[in-house]
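What follows is chain A paired twice: with chain B in the first complex and chain C in the second.
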Partner chain A sequence: MEIKNIVENITINIDGQDVDVPKGTNIIEAVKMVGKGKEVPHYCYHPKLSIAGNCRMCMVEMGMPMRDRATGEAILDDDGTQKIGWMPKPTIGCATNAAPGMHIRTNSEMVKESRNGVTEFLLINHPLDCPICDQAGECRLQEFSAEHGRGYSRFTEEKNVKPKRTKLGPRVTLDDERCILCSRCVRFSKEIANDDVLGFVDRGTYSTLTCYPGKELEHNYSLNTVDICPVGALTSTDFRFKMRVWFLKRTHSICTESSVGANTEIWSREGKIYRVTPRRNDAVNDTWMTDSGRGLFKSIDADDRLTHYTIDGVHKTPTQAAVAAAELLKAGDAALIGSAHSSVEEQFYYKAIADRSSAKVALVSHYDSADGILQSEDRTPNLRGALVTGLIDSLPEAELSAIAREINSGAVKTLFVVNEDVTKLGIPADALSQVKVIYVGTHANETSQGAAVVLPSLSVFEKDGTFINQSFRLQRFKAAVPGPSGVTSDFSVLEQVAASLNDEKPAAITIDVAWEYIAKSISQFEDSLRWRGIPDEGLALDAKAFLDIPFVETKNLKFDPVAFKEAHATPAGA
Partner chain B sequence: MAKTKVLERKPLTFAEKTFIPQIIGGLKTTFGTMLKKGVTLQYPEERPVIPNNYRGVPTLVKDPNGREKCVSCQLCEFVCPPKAIRITPGEIDAEAEPDRAHVEKAPKEFDINMLRCIYCGLCQEVCPEEAIFLQDIFSLSGYSREEMVNNKAKLYELGGTLPDKHLKWDKKKAAESAGNAH
Partner chain C sequence: MAIQEQRLIFKHIDEPGYTNDIDCYIKHGGYEQLKKAVTMKPEDICAEVLESGVRGRGGAGFPAGMKWKFLDRKSGKPIYLVCNCDESEPGTFKDREIVHQDPHQLIEGMMCSAFAIQAKLAFIYIRGEFFQGYKILERAIEEAREKNLLGDNILGSGYSCDIIVHRGAGAYICGEETGLIESIEGNRANPRIKPPYFPAALGLYQCPTIVNNVETLCDVKHIIELGGKGFAQIGTPGNTGTRIWCVSGHVEKPGYYEFPCSAVTLGQLIYDVCGGLKPGRKLKAVIPGGSSAKILRADERFTGKLKDGTEFDWGIEDIPMDFDSLMAVGSMSGSGGVIVMDDSTDMVEALANINYFYAHESCGQCTPCREGVPWMRKVTQRMVDGEAREEDADLLKNIADQIAGRTICAFGEAASWPVQSFIAKFKDEFVQKAREQAARRKEGKAAATKTTLI
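This part shows the complex of A and B:
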């Protein structure tokens, strides 16, 4: 049976090469599909924003096969092929949709000349302060000036003066002289962030980007305007003058702010993170992420970071601490407070530990208001992971008073806590002092201070792992920077705890070994699935078993719970 | 096997036996050189003349107004083959230095590790602000590794002030205060 494509493909000819593109594709995207790094240079066009067509950089030559007007018959060339009627002037690629038989020239003399002209005019009032500009190295104007510019200026008049070092909002700094008036930021604020604060005032070369009087660019998506700014006009106040981008190493990661699981890129140098930017994933976050999610990396350098394995406050080796934790759990009457902040791998081990020590498992929900875009109600990245690994089978409670009652009645004597401060979640400090606490977490808190065993854990930036987001998409993140010295990966320590509980010799666990177990024992994963085999854009899991769970997420940018349920309830292919 | 030819040694003549011609020949050279100008340099009391294009120790220079020229663009750090340069960029405090606020950026720290430096001059070549120059210092020593790392203060002390043809930031400031002509 043939699978019918919903989108019809049409054939166009780009620089003499026939290319199949979906109907409705514009020329910029069509040329991108040719591959081999072929690109129509552009500033104002952005695949996720409306088309403005104001930068005029994406000029291409366009022609259509000629037909006789009266008869409709094809007009043939001398060699028998249909004659192409080229338009006398170039057209912009972003606002030209591919039509059957369309011919495009992206590199003809006319196209080159128009690009050079546009570049020259853009540079007329550009300050050329690349040495102090944060965009240098990832600046489209810099790249295209090298490629299409003339290398010197014929402009002898004074350049325009515009406001510099303007604070547009709490997180964005504007240098108006560098602005090329592409209006990407204006369109983004209006269309994606739903906060139409930006606009141009004044005319001609004096056009200036400003906020609406009395307002600021302060919505939680303001830093996306910095990402999409093709020049250095909008810069991040936080990242300003911190490091040049060419020194930074990029690591693919996942934002932990909420169950949306925005795909991110961590920019680090020599073990220090400098910034976090969104990574394009059309199924999850398009090319956006929240401002609040970008600041999360700062907590990894906090003073209250847990850096040592301790037993009763005394520094020990990881193995000693793991064995001590296992001894406490073996005594029985244990409860495990898991976390939806843990990765799938860790939750898999918590499940194993809970099973082997027959501990009760509870999770705590972290719900907050959603913004309907990329911040969902569930402020944990991996609640679905806890369900898929079988750590829990229903939604978590808001607090732990049930566990507190069991502590008071003496039914729970050992508490295994993962990354939660239970003193703020319904277990008062005096109840906590009645039990032995094993604490696994990244930062110190009141729970960890009284803990019998502390196993420091790595943050999402320091370890490899996976999360499962709101739409049951398995997404992989990689370690960007090393963790505190001496702290080993969570699952290898947890393996030691789990093995000691079974009186086995712990295996040396890498993420590949861990996934051999995980893929085998979890039905949602194929047996051959490995961590390294998870594609960069994530893997949609079968969510049929969990459709009846009343998740709290409401509709946001890429997720509609009602539509999701319908799509997954009907079997694929029907 | 190669044939060995045995040369016959001639007996010395009478003049040769006295050694007098040889002594005279030697003294001729001695006295001749004694009267010429000496070629040896009495280093370290005497110092050689360093040509203008000499590549000595890299230094940071100030412009004729005594202002720091480096804007910490970190191109030298990037281009440096032995990774001798290490810069921590920083922002100029507009309130503390209002006359320099328009430059916005300056190095907070600037270290050149002279144990690593290979005197290639690429940092000077790449500098868009003409702030780093390999000048005439050629002898450098220290008692510890730390001493061989030139920090920002030391680099400016070694560099001094060089003439500037452009004064681009002064022009920028003048344009800013003049405003648009409309």
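This part shows the complex of A and C:
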């Protein structure tokens, strides 16, 4: 149920080929639409930033159909087609918007020659230190120099000297000699991060990127400047010198920092994650993500990671632990503390487990202040999933004192806890000691320490699954690295718990088998939907059933709760 | 026999007893044209200016009336008038004299223009080095305000407009109109990309804006006095009005001289008006319109066709001093800075000097100018310093070709035209330089000879 603005299409001619593009598209984007890998090389242009037009790399030749000035009639060529009046100078593609009948040459001699010139100019004062530069392998300057450069230098003078290894902020290091002054980072800080701290000082060839005096590039989006830097000028202090990018495997994932669900890419090698970068999704996060979200992967190697299935502190097999958990639940008087950090699939299983053991279900909210960009109030990735799977039917409370009261009254004797430390959420340690605890989670805490059964689970980086974000978009993430040795997939363990509760034999479950059940039993999903079938950009779900729930999210980069409600109350085409 | 000047703008400049206060200006008939202007219909003034054919005096020579016509009047946004007084083109020194000696002429011209385009507010952008000029303008504006010649309800006409003097901080690029606008807004004077930021539509504070040179705005006053037709009778069709030629270099009497367009030839200007070259010297080359204009070689023959179709065959001394003729011979009248060089000039050093200026003044926003112009400076500096190579001439030409036409603003052309034309016309000297240095090195002497460069 995507809401699309109807934009008028116009026809332009690119290198002799007619192409239909939406009106107002600039030439760089229009050429991309031709496909076949056709592109206009560029540095300063970024689809999500204002147009600067300063790198001069995206030069193309532009012409318009000629008309007689006096009569307005078309001037025809000998063969009867309208004559094209080509501009004498090349024009920049980023600031030229497609107009009906416009003709573009992206590969003429003039264009090639001007790209060649710009490439040479960019290289004369560039340190050419690719062998020790982190950007090598993902550097536009490197790529375009190979493609459009002359291959040798005519520059025999001395290069400019500029500051090296400048600490711009806590997470970003700057090498001014590599900087090509494209101003992407300056525009990003000003336009997206709303913190106008970067700028140029000095003039001409001595222009130098720097921070406002007395300030630092420390906003929570500073690492995006590293992503958009087309060269190795801005580098991530954390990732610097760690790994060559061409060795890294890229896995599509979702940021779990908040209900925004920024699309991400995990860069890993041999089971180790090196960095996390945003993945473009115009409906969710454009091309950005928070710095804080990028650091979340570091916790998977923490010392307090749960790595063993235990019963009363003794190591057991996953099956033994699952059966023990089921036995405890069968005794009745159970409560299940779910988590909005769990995936849709896990929540589906928790729902089944709660139903089969007649356990009451509670979730805890994790709200914090929002930044209005990509960090929403709800700091869990999948609260909507808990609602869609039916695990809960209203917003969670901030703590669990209601459960604590039931423990004290003896109404609850078994507590199934997913990834929460309930001792910090209103169930004091002495109350907890009165119940049998089954703990499912990634990391040890006070709740897991006294638990009768511990089922270690995988982090988002180690498993396949889905989340549903603030705008009810179903988004898929894939395992990037293996989990701790011996820890099996979460829903195969949960399947064993659920099956034991029904005294059934557990099925050998994969995520696609799990989805056969999930798709059938949840009305928001098409019956034929499978995990593999979820598109990379996500799937907008029908949110009609949940519009009355007073979600806490306020307006942020791509989500406006008021507009969302209005749009979903009256579906498009109605 | 010296040719008589015909001064219009510079009528009172250097006149004994003429002072720059308002009483003196009014005594000489000042502000009569403003009184007349406010009784006219604004669109009629625009029509007169268009009919006069007056072309911009700042460098590009674009018809001012046409520029005014491009104003976006439908947007409903306020219109601004900006006077470009950032006179920094090497070889040009006319605006400074107007500001220093006759500031009220500028103010009157500006108020007439502001009324004509119905500007909400007017600015004078004066270069930072003109501190004296700034103080003079501030005082003059105060005097004019006291007499209700600007400010609220000017002369009871119901039209209000004030002038704000904005000082630059000393950068050539601030003379580029969109760079100037950025500078007034308080930003770095990085020129804007066109499209979409044409000042007439999206100028100062994204409002329609007209930027005119000091001399052009003064011309408006005289257009009101003489009428568009009357003004057009000065000079020749297409090259109307007078021009102030700022002659510098190797002539006996350098200075500013005002003539109707086409009234003098370059030869007359150098030999009759400026008293010729220093004794015993021969003319080698002339840059006719400020340092960015293409150089003309003294022994060249210029042939071709003018705009109106008449063929010409001129030596350098026969070139009429006007917009179209100088354009026809491959250069431009620019800002009117005529730089004369005699045979004592070392062309490599001259170009090194020009390159030094442009490399220093490049704003650094777009790649070709930021990187290319300092490269050219480094090459010419190295040549002067004794490391010239024979292939440097071709390299210089090639770098300039990679800059011209590829930049955000016209600075790219301004910086590459001198190089292109010096190499095109004096390539032999550049090659010769390398050979001489090689020969001297072979003899064990220092390759570089003494230079007069800074």
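Note that in this section the second predicted complex is superposed on the first by the 568 of 574 C-alpha atoms of A that agree within 3 Å, B and C clash if a C-alpha of one lies under 4 Å from a C-alpha of the other, contacts with A are read in each partner's own complex, and residues count from 1 in each chain.
Heads up, the rule we're going with is that contacts are C-beta pairs under 8 Å (C-beta built on N, C-alpha and C of every residue); 3 or more make two chains touch, one makes a residue touch a chain.
Computed from a predicted structure; not experimentally measured.
By the document's definition of touching, of the two partners only chain C reaches A:G117; chain B does not. In the overlay built on the shared chain, the residue A:S207 is in contact with chain C alone; chain B does not reach it. Within the superposed three-chain model, A:A507 lies out of touch with both chain B and chain C [touch as defined at top]. Of the two partners chain B and chain C, more residues of chain A are touched by C.
In the superposed model, A:N125 makes contact with chain C only, not with chain B.
Look at A:R56: by the touch rule set out above, it reaches chain C but stays clear of chain B.
When the two complexes are overlaid on their common chain A, residue A:E158 makes contact with chain B and with chain C alike. Note: residues 158, 206 of chain A belong to the chain B contact set and to the chain C contact set alike, using the contact criterion stated above.
Residue ranges of chain C in contact with chain A, taken from their complex: 171, 188, 193, 195-196, 359-368, 370-375, 378-379, 382, 395, 401-403, 405-408. On the side of chain B, the complex with chain A involves touching residues 71-75, 77-78, 89-91, 94, 101-105, 128-129, 172, 175-176, 178-182. Every residue of chain A that touches chain B in the complex is listed here, in rising order: 127, 130-132, 136, 158-161, 164-165, 206, 240-244, 246-247.
In the complex of the two chains, the chain A residues touching chain C come out as 51-57, 59, 88-90, 92, 95-96, 113-114, 116-118, 120-122, 124-125, 154-155, 157-158, 180-181, 200, 202-207.
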